[in-house]
Amino acid sequence: MPAKLVHHAYGKFDVRLTKVSRHPDRHELKELSVDVQLYGDDFAATYLTGDNSKVVATDSMKNTVYVLAKRHPIDSIDDFGAELVRHFVGTYAQVSSAEVWIKQRAWQRITTNGKPHRHAFVAGSDELRTCSVGYVHGGVTHHAGFENLVVLKTTDSAFTGYVRDEYTTLPETLDRIFATSVKATWTYEPELPADGWNERFTAVRQTMLDVFADHKSLSVQQTLYAMGEAVLDACPHVRLIRIEMPNQHRIPFNFEPLGLKFENDVYVPTEQPYGFIHATITRE
Amino acid sequence: MPAKLVHHAYGKFDVRLTKVSRHPDRHELKELSVDVQLYGDDFAATYLTGDNSKVVATDSMKNTVYVLAKRHPIDSIDDFGAELVRHFVGTYAQVSSAEVWIKQRAWQRITTNGKPHRHAFVAGSDELRTCSVGYVHGGVTHHAGFENLVVLKTTDSAFTGYVRDEYTTLPETLDRIFATSVKATWTYEPELPADGWNERFTAVRQTMLDVFADHKSLSVQQTLYAMGEAVLDACPHVRLIRIEMPNQHRIPFNFEPLGLKFENDVYVPTEQPYGFIHATITRE
Amino acid sequence: MPAKLVHHAYGKFDVRLTKVSRHPDRHELKELSVDVQLYGDDFAATYLTGDNSKVVATDSMKNTVYVLAKRHPIDSIDDFGAELVRHFVGTYAQVSSAEVWIKQRAWQRITTNGKPHRHAFVAGSDELRTCSVGYVHGGVTHHAGFENLVVLKTTDSAFTGYVRDEYTTLPETLDRIFATSVKATWTYEPELPADGWNERFTAVRQTMLDVFADHKSLSVQQTLYAMGEAVLDACPHVRLIRIEMPNQHRIPFNFEPLGLKFENDVYVPTEQPYGFIHATITRE
Amino acid sequence: MPAKLVHHAYGKFDVRLTKVSRHPDRHELKELSVDVQLYGDDFAATYLTGDNSKVVATDSMKNTVYVLAKRHPIDSIDDFGAELVRHFVGTYAQVSSAEVWIKQRAWQRITTNGKPHRHAFVAGSDELRTCSVGYVHGGVTHHAGFENLVVLKTTDSAFTGYVRDEYTTLPETLDRIFATSVKATWTYEPELPADGWNERFTAVRQTMLDVFADHKSLSVQQTLYAMGEAVLDACPHVRLIRIEMPNQHRIPFNFEPLGLKFENDVYVPTEQPYGFIHATITRE
């Protein structure tokens, strides 16, 4: 028999839950999607022979997520993720390591009579706060991030001086629209205090927004790097950050055949194809 | 030949555009998707014989949208829609009537140093402001609305007293989560002043949010009607409103087999199937 | 109080079900999504006062779909739809009329050793077979159709002779790619025999494919009409057909700035914007 | 300055193209989406200083894809991918390595009068044939695969004997529906002949379908492994295969509260949450 199982993992993905915390003066609402993935050599048996005696059913993982969601305050997804990986590794000897990915959707309070309502909410944007918590070699590791943070600036973005050859038709520009859907994931320094995850997240996100807004951009790459560098500068708890910035192009409408002139006024948003820039930045 | 052409229309759909207005102290950003549809008996020829001599190419409709977007301030999509239908009916004798649907995506200014930025934006939710402007029998008609306004309240929603028979398994509840993606379209009274569309829109939307948040709901139907009634009460320029409220169910997680109790705390969001309620409400 | 409820309806949508029929020599697989909508004046009470005593819970509608799916052979969605509307109108006095929309996804048998497998399947395309069955004024009406039938022909499609004016930049062409996602809905003649729905459906669909493939197209409109005309000609049980043909454009890649020539060889598929043509054709 | 750029890459993604080859007796149609990604230390300059002098604009990459698509027969995406990476590494000294991912959508000929049409096509399923071709250390590496191959078997799938503890509510079953959307990626042995990519692909895919259909499954894991093992057995040109099999659950409808019995007949298809199994299998 020529085959060998070299890597395997399994879990339950997209376990969606809503948690409501009912305080006298206001209700708190959290909505999460949780992915759980378990690793362990003992799981090889079911692949090779169909022996399921060590298999934790993915349906049971799902149940576990809801039970722990009930017991845990879920102040932050990072804390809840740590609770989950500790549970799976601590409960089942055959689980050598575990990984949990959580995505949190934003809800905002509806404003009525100029004040935030105590129990009525309106959905936010498609931006998701994310975390990835792992249990490896006896320790918990924390990664966090966000995705679908769609930002756009109408000026302070140039693109000139690039290679011009027989395949080049793009005109140089000193002033273009810069739009992108930012995805960022960062690794936290180990041994951080258990509380403070929400503040750490907010600091990274706001730093990136600030730089995006104010940067005089000579290329997407330069702005991306400046955003990552600023995070490392402002957030000592971040050790490494990976940033992905796929372009959401706004192309000048070609008014020329219609006898008019494009004056940085009317653009065509397009989705395909798109430039895709990504990089990882770390402390020296 | 047994066939007869009884209804036909054609147009260009999903013409997407970005319009930037550059003021000294701030840039304004508008992003629209425009659908144009034209009607006219003369268009029958191309169906029946392939004679295209009266056909306005949909590609030309697209060009027209960009040209008019350049010339028009686009203070409101309602105004821009009226400009478009007037253009098509006024320019081509073969166009007896025209309809334009516009969807506007929300962008918000990025906040830096506590202040809204002058030219950097972050995408809002999936909510779309919409309008439908028609030119029929010599007059322009205005409809407006929104879609994907996703709202949720954690209490003040009951559902009891409904038919119980052999097909009924749903338990009655005095306190459930009420979540829905509201779509509303309303018809404006004729002959309204040309300015004021943004204020009219905002008044309808805020009225609906206020009622949704504060209503003591006995059924989705009752809340829907209360929202529509309040609009007609608060907004004299609205003649008729249609509201669609598909449920976005949050189902109590069944903790019983796990030896725990559901305490209005942890829910499962589900997408299929969904209850769908809609109604049209008008002035008496 | 200025408001009046003029139209209302409610139901359960996207009730998804899988039905397996286990025959000795083969298994049959059907996958449906069912929408149920009920009408009746008595439902006004819940809108106006929150009195739910006449309300059939949408959760009960869902249960009913599954119970009837168990009892019914579901040889065709049209038959099953008729069963459903008869049930709702026959069971509840407050239901004056009912409408059911069903979508059926295609599964094909996996071929192993050159033969169709008895119980293993592979998903087909996104094409959906649809029906809409109504119970109005004591009779059952049958509409049927399909959507997402994506077809493309690489030649025999021209577009010339259309209006040329200051908004026109599209070049005329004698040979272009014609691609579209066809949606068709037709109304059957009343009082057709209860069996035969599958054969009727197949006849309409194949007729439309045949015409699409072989037609020498002078415009999308002309081909659309030819397809509808052929259906009325070949299918005496069809009284009226509505066809929607949104373009899925394949735009010639502009090789000119790169010193090459487009030779009807390389195209750019685009999704926005798109031309949208639709018409209704009936017997004279 | 505390930051260091440790990894970076960029490219143009989702370059969509249609290639028509016009033979006297038939037209051939290929539709691809191409992602190009370039690597090289010299690209660091634009991140750090905005110096774009080494940057190949992603727009130029797009142009290159179309130019090479024109010149190349595209008999297989694997061949075309190799052409692309060789071009980018061969043309630009600053490109140390390149990677290209291509996805190909299936089109089938429309059958008219019982025969495949010469130039009219109908879209296939959402299944995509994929390849990933890299140029590293002077050699071209070939990976291939598919995704969205949705398969379902109505019997020969059991799941019993797994861990039962306080988190377990799933009943054991000897006969369930097994449905999944298979994604597979495999690595080819180096130095294969340049022709034969299509045959190699077809052999892997058919082997996996055969095993899926006929396997007596004790767990998803066991079937997944059997599929991979069979590929390594039947396809000597494959060195390693990674298979992902997310469950597409069909849950028995709970007829009990309605006084009926589930008899392996009516199921509820659900999308969230889903079990996710993946593994990599290689030659010993």
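Letters A, B, C and D mark the chains as written, and numbering starts fresh at 1 in each.
As a convention for this text, a contact is a pair of C-beta atoms (placed from the backbone, for glycine too) under 8 Å apart; a residue touches a chain by one contact, two chains touch by 3 or more.
Remember, it's a predicted structure, so these values are computed and weren't measured experimentally.
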| item | value |
| --- | --- |
| Pair sharing more residue contacts (C-beta pairs) when B-C is set against C-D | B-C |
| Most distant chain from chain D by Cα centroid | B |
| Gap in Å, rounded to a whole number, between the CA centres of chain C and chain A | 38 |
| Centroid spacing, where centroids are CA-atom means, of chain B and chain C in whole angstrom | 24 |
| For chain C paired with chain D, centre-to-centre distance based on mean C-alpha positions, whole Å | 30 |
| Contacts with 2+ other chains: residues of chain C | 16, 63, 67, 167, 169, 258, 271-272 |
| Chain A-touching residues of chain C, taken from the complex the two chains share | 166-167, 169, 257-259, 270-272 |
| Touching residues (chain side chain D, partner chain C) in the complex | 16-22, 27, 29, 31, 63, 66-67, 69-70, 107, 110-113, 117, 119-127, 149-156, 177, 209-210, 212-214, 250, 253, 255, 258, 260, 264-269 |
| Complex contact set, residues of chain A against chain D | 1-16, 33, 35, 37, 43, 46-64, 67, 92, 159-163, 165, 167-170, 217-219, 221-222, 224-225, 228-229, 232-233, 240, 242, 246-247, 271-284 |
